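If you scroll down you'll find the structure; I have some questions about it.
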Amino acid sequence: MRVSVQETAFDAGAEANAFTAGLTGAGAVVTFTGIVRDNGGRLAAMEIEHYPGMTERAIAAMVEEASRRWALADALVIHRHGRLEANAPIMMVATASAHRADAFAAAEFLMDYLKSRAPFWKKEIGADGAAWVAAKDEDEAALRRW
Amino acid sequence: MRVSVQETAFDAGAEANAFTAGLTGAGAVVTFTGIVRDNGGRLAAMEIEHYPGMTERAIAAMVEEASRRWALADALVIHRHGRLEANAPIMMVATASAHRADAFAAAEFLMDYLKSRAPFWKKEIGADGAAWVAAKDEDEAALRRW
Amino acid sequence: MQRIDVLYFAWVRERIGLPRERVETDAATVAGLVAELAAREERYALAFADLTSLRVALDQELADFGASLEGVREVAFFPPMTGG
Amino acid sequence: MQRIDVLYFAWVRERIGLPRERVETDAATVAGLVAELAAREERYALAFADLTSLRVALDQELADFGASLEGVREVAFFPPMTGG
């Protein structure tokens, strides 16, 4: 299990391959990668603020909870902060299990919790100024299924 | 949308990166990669037989159905046939959408259909002989949720 | 009389001992064709002994054993699929 | 009297104009601390005007506004999180 909260860019494919290479006996690997959407060219960049210390603790707790609920061979969470360019990867989650259902469920669980329970705040910087991204009701609702 | 039924090995991370690089405006990429499990060293290799012609048609129909059900920016299916070594990737699915729920649902849908409705048959080759993999009731049951 | 290419996959192919053959048949349905094939030889009878463990495709589309063979050029028999 | 580090993030930080400060308080609960802070200046009053749009963490764990401050060393106020 690895959690990395980092300012530097990462290569999602290389991370997925390294994650997979480290597995023994897991037949199913699911990854989710979040990309900075450029909103049709209107977004110049995104700034992500976070709460150092709490971020790592909160994500580690989510990964532990996922490991309790599903039979995971391994899990990985990478989340960037700071200034990100449009079309850059923001974050990724990878989960591995003997069977696909566990890997899918754990990845979706981690994504739902990262969206609304990890202390990150996104600010969109466009031609017409900067604005904090508002939390969505549907993201809060998504937590209720777990 | 790309479907590739191939005998040659592929690099799942490189395929995921190429898939992601080709997107415009999609914020969410989900991948599933299936790996040949070595069953604690008992599996030497796996042979996958398929039905050339029908395989490509069946997968293309699944991808079309997924595109009708969810707002997909793109989708990719790669599936190997022939002889595969233990720990090699068998297949992968990638889906991209503006939002994570669609990308996850489409990837799970494609996996469930590929498991039980694409004409592939797996044979496990171990120290104690070769045996066709039996279809699982749970895989058939998984189709009923869609 | 109708000429049909009959294909076998996985353990069906192994039991019958060939991957495909050209068949001349008067059968109106898949079930009729199966009955003709099963009557041929022991290896066919064994392959078709339990239809619940078999699947059939007509011209590369999944079908039922009760389906008509009218206009069909390719019939494939195989076990439940195990892809992914 | 209790000394607490109070942290602000995102638009709460921008409204109040600083990322953290040391506060001396007699408040027993988060709500009491909020009342003290909001009474200070207009910028604090604005930041705490609508508690339903705020979240709070005590020593880096999410908590409620009714939670006790006993033994707490770090309180953080921020909007609903938007990670992922």
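Think of it as A, B, C and D in the order they're written, each chain with its own count starting at 1.
One rule holds in what follows: contacts are C-beta pairs under 8 Å (C-beta built on N, C-alpha and C of every residue); 3 or more make two chains touch, one makes a residue touch a chain.
Labels paired with UniProt names: A, B = Molybdopterin synthase catalytic subunit; C, D = Molybdopterin synthase subunit MoaD.
No experiment lies behind these values; they were computed from the predicted model shown.
Apart from chain B, the touch network of the chains falls into the groups A, D | C. Relative to chain B, the chain whose mean Cα position lies farthest away is D. Rounded to whole angstrom, the centroid-to-centroid distance between chain A and chain D, based on C-alpha atoms, equals 26 Å.
Centroids built from CA atoms put chain B at 23 Å from chain A. Centroids of chain B and chain D (each the mean of its C-alpha atoms) stand 48 Å apart. Across the assembly, chain D contributes 84 as residues in contact with two or more other chains. Multi-chain contact residues of chain B (touching two or more other chains) are listed as 34, 100, 111. Touching pairs of chains, sorted by label, consist of A-B, A-D, B-C. Against chain A, in their complex, chain D makes its touches with residues 7, 9-11, 13, 57, 60-62, 76, 78-84.
For chain B in complex with chain A, the residues that touch the partner chain are 11-17, 20, 23-40, 89, 98, 100-101, 103-104, 107-108, 111, 142.
Contact residues of chain B toward chain C in the complex are 34, 49-51, 53-54, 57-58, 79, 90-91, 111, 114-123, 132-135, 140.
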